[in-house]
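Note that subunit A is present in both complexes that follow, paired respectively with subunit B and with subunit C.
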Partner chain A sequence: MKKRGIGLGCSWYGTGYGNGFPDVSSAFVEIHDDGSATVLTGAVDVGQGSNSIFAQIAAEELGLESQDICVYSGDTDATPDSGTTAATRQTYNTGNAVLKAVRQAKSSLLDYAAHEFSCPTSEGIELKEGFIGVKGDPSRRMPLADMVFQARLKGERFISAESSTARSTPVDPETGQGAPYWPYAFGCQMAEVEVNTETGMVRVLKVVAVHDVGKALNPTQVEGQIAGGVTQGIGFALLEELELKEGKINNPALSSYLIPTALDVPSIEALFVEDAECTGPFGAKGLGEPAMLPTVAAIINAIDDAVGVRITSLPATPEKILQGLAEKREGLEK
Partner chain B sequence: MKTSVVGSRVVREDAWGKVFGQTKFPADVNLQGQIYAVVIRSPHPHARVLGINSEQAMSLAGVVAVLTAKDVPNNSHGVLFRDQPVLAEYIRMVGDPVAVVGAETEEIARAAAKLVEVEYQVLPAVFDPEEAMRPDALPLHPTLRPTNVLYHMPIRRGNLQEGWAQADVVIEKEYSTQHVDHAFLQPEAVLAHVDERGHMVVETATQYAHYDRGEIAHALGLRFSQVQVKTLAVGGAFGGREDISLQIMAALMAWNTLRPVKMENTREESFYSHSKRHPMRMHYKTGATKDGKLVALEAKIIGDAGAYSSWSINVLRKSAVHASGPYVIPNVSIDSYAVFTNNPYSGAMRGFGAAQTVLAYESQMDLLAKEIGISPLEIRLRNLFKVGSTTATGQVLTGSVPLDQCLAKIAPYLQRGGDSQ
Partner chain C sequence: MIEIKLVVNDKPYTLEVEPSERLIDALRNRLGLLGTKEGCGEGECGACTVIMDGKTVNSCLVLAAQANGSVITSIEGVGNRRSPHRVQKAFVEVGAVQCGFCTPGMVLSAKNLLDKNSKPSNEEIGIAMSGNLCRCTGYDKILRAVKIAAEEGKE
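Presenting the complex of A and B:
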């Protein structure tokens, strides 16, 4: 018989290295004579899309489009150290470093432009749609490229280097008391499963994931992170297990160490909550790790809801579910 | 704040290359005159290398070099402590590298690797972290820790006795999680060469090029300024590319032979080449009042660190800090431990210690709700963190704490004639 159930899982996650471990990111920025710009940072894009996020941040600040920005990363001869791509920290931490660096280069550009436009303060200057000009007077503007090129002739260049450090402090080693991480990211997921009571197989039919992202800098990438996280969570909950015998791995192959395939991945509805984190770039916090956390709980709780079997050891294999069903039957018979 | 580019669905620049198969991963790059290197790994979980005889391997046509521990200027690396050998003389896990063979082709290198004779003195090994914790267990890292307990983190808050006195319902259960591999789709690969400047250039997929540079420089006795680590496209990482895998061995071979060196793991080698997610045993005892308020939590979490420390301290700290779940619990006693064993070493993996505890704390929430007779959603709503809440570590949450908003969005999907909504 196939039985269906739903389960809820919530989670929280302290982002960044935490516990006072130095959590520093750095970035170099150069605004070019044609009005494009380059961002150099050590932060490695491991496929999650950090380079695109940094391009969006720089473009936003400079009134440009994403494709006007070159982001080059992860080369120790050319880019400054930006820490590990880990701990859900690159959008937040290196994002902040990029933002600071862009703002620094922009600040000298605005000062220069204020002088050129006879404006006593750079507050009166804006960067918009590839132009630089006087706020409120559309007749007094010029292409950013012209301004940067003219500046070079006068010996002015708009380049910058900045670092950003996340806040965290070590906890007391005796009591564990303290403020070890900041910010925390929250989330919850609902899983609907179908359990085959004859085979013990669990099929995940649907996952709804709601994650707190502060600000979705790129909603497509938020959805991508959630889809990947849920998929990895399904593997953790139902499939993946290293079989060890005296320290030797008995299943070092993807034919015997099972990870989810496209056929195991259900429909995933990815939703997010934007409650700005004031220390993050444009209010953003990280999502990389949080996206996979609630999945396991939602699935395990859904299995219980479907067939009344409480799985306490991962993964929830068909064998464990059949054993749970058998124990339940025995309990009823007694 | 109004933004135009930020918040938009900009298409990633790297998407096209990946979709059309043009992206270069480390396995895709080659240099003229390169040799191939393969690793000889220990089949034993705990042993001493008594001798390595590479004469037969060296006599095979096309073999360029066989390097062992003696060839490594500074034979150690590691993220928190440099407790992991580049090439081991003392083996702490199956898969510890003992030698690296360089040859004109990969086939010759693999054939030669089979000809290298390694003599081991096999030692008794321990695989169960609770067994390894016993004071009489032989310590695997005596210079680092007198016992196999690498780390213990206690969290104490409130008064547990008072908590149990207030509790109408108590759920006590044991949970456990498994060893998990990152199983990224692209196995480790490296291309290392000494360039025209005399610099050591290492192209690879890593999560932290600057860390790799530091470890390569340390092991080879070079300055940071003489080592360039260049990250090519990364085919998945998830924490499994934080520790050093092949980078130093490839660089060492290139430095010794002055030939470009290519290394690429098979899937099986990859399983032995990087860390694992910590398996954890979690004993949870949670108490709540009959109206569903959490009042006490006692938790003991034992994480299997395996053979090397890697990030275990930080991982088990994260487990402890997150053990309460996103809920206010006034009386708390949590202990987490990271323990050395002769299993594959554990390290960073997406979720980093906070992924395992979710199984325990969220199962407890459902079990408590059932016992009390309220819905899973309701018990969470009654206990969740809000702005101003205090965590188990005494941290007051300010700023963005929108779990209530997340639950409000998911609530419609949980509708099924629930109780108190």
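Presenting the complex of A and C:
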């Protein structure tokens, strides 16, 4: 018999290295005389799209389009260290470093432009749609490229180097007090599953995932990270088990360590909540790891809802579910 | 060494290959077609998928000598920046690429499906793509992209 159930899983997750370890990212920026800018950072884009995020952050701050920004990343010869692409930290930590660096280069450009426009303060200058000009006076503006070009001829350069450090404290083991991480990511997911009581097989039919991302700088990437996380969560909940024997991995192949395929994924509805993280770049924070965490709990709870079997060790293999069902039957017979 | 003749991306080639040489090595090392990726090297992940005589194969499991006389399509033969195949266009449109390592194989599996079946059902798409593993995307956007490409092909 096939039985269906629904489960809920919630998570909160501290992003960044945390626990008192200083989490440092850094970036170099130059604004060029062709109306483009270069961002150099050690942050490695492994496909999650951090380079796109850094381009977007720089573009937003400079009033340019993201294709006007060239991001060089992950080259230890040329780019400043930005830590590992881990701990759900690149959008927040390196994003902050990029934003700081862009703002620093921009600030010298604004000072120069204020002088050129005879504006008493750089506060009165804005960068918008590829132009630099006096706020509220459309007659006094020019393409950003022209301004930087003129400045170059006078020996000015708009370059910067900045770093951003997220600080945390270790947790006091006696009191449990401390500020071990900042910021925290929050998520909630629901899963619907179908359990075959003859075979113990679980099929995930639907997952709805809602995550607080602070601000979705790139909604397509947010959806992609959520779907990727949910699918890893399905693997974590139902399939993946590293079998160790005397320190050796027994199943070091994709034929024996199974991960989800296109046939294992349900319809995934990815939603996000934008509750601005005031310390993040444009209110953003990380999403990478948190996306997979609630999936596991939601699936295990859905299995319980479907057949009344409480799985307490991962993955929830057909064997464990059948054993749970058998124990339940024995309990009833007694 | 064994002499083989094969057609790769519409171009005929005659190659001298080692008896134990795999098709993926012939494509990458002898023809310089680096778009074909080696993932697991044991026929499980599908990253090295190419189309051989109308069938998708794991090019890590095919000996180059076995490809003698066959017609091969690798990712380089599917489309390019200027004129991408409709599957590639759909992948870009929906954001179906993250790290990109599985993408060439995914595109070839999707193309081969659509070449044979212009109106695949969701299940048929799932089955056609299930030999290609992806750890980043959760397949969600990949499956969506194949559906979009299928829709476009119907017009």
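Basically, the second predicted complex is superposed on the first by the 330 of 334 C-alpha atoms of A that agree within 3 Å, B and C clash if a C-alpha of one lies under 4 Å from a C-alpha of the other, contacts with A are read in each partner's own complex, and residues count from 1 in each chain.
By definition in this document, a contact is a pair of C-beta atoms (placed from the backbone, for glycine too) under 8 Å apart; a residue touches a chain by one contact, two chains touch by 3 or more.
Note that the coordinates shown come from a computational prediction; the quantities given were computed from them, not determined experimentally.
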item	value
First, second, both or neither for A:199, with subunit B first and subunit C second	neither
Partner chain in contact with A:265 - subunit B first, subunit C second, else both or neither	second
Touching partner for A:220 - first (subunit B), second (subunit C), both, neither	both
Contacts of A:273 with subunit B and subunit C, given as first, second, both or neither	first
Touched partner set for A:230, first subunit B, second subunit C, both or neither	second
Of subunit C and subunit B, partner touching more subunit A residues	B
First, second, both or neither for A:107, with subunit B first and subunit C second	neither
Contacts of A:49 with subunit B and subunit C, given as first, second, both or neither	both
Touching partner for A:250 - first (subunit B), second (subunit C), both, neither	neither
Interface residues of subunit A shared between complexes with subunit B and subunit C	46-47, 49, 220-221, 229, 232, 253-254, 259
Residue numbers on subunit B that touch subunit A, as the complex places them	1, 3-14, 43, 45-46, 93-95, 125, 127, 153-157, 173-181, 183, 205-211, 213, 224, 227-231, 233-239, 241-242, 267-268, 270-272, 276-277, 314, 317-318, 320-322, 325-326, 334, 342-344, 348, 350-352, 354-355, 358-359, 362-363, 365-367, 376-377, 380, 384-385, 392-397, 399-403, 405-407, 409-410, 413-414, 416
For the subunit A and subunit C complex, residues of the former touching the latter	46-49, 220-221, 223-224, 226-232, 253-255, 259-263, 265, 268, 270
Touching residues (chain side subunit C, partner subunit A) in the complex	40, 42, 44-45, 94-95, 97-100, 125-127, 129-143
For the subunit A and subunit B complex, residues of the former touching the latter	6-14, 17-19, 21, 42, 44-47, 49, 51-52, 55-57, 59-60, 64-67, 71, 73-77, 79, 81-87, 171, 173-184, 186-190, 208, 210-212, 214-221, 229, 232, 235-236, 240-242, 244, 246-249, 252-254, 257, 259, 269, 271, 273, 275-279, 282-283, 285, 288-289, 292-294, 296-297, 300-301, 304, 310, 312-315
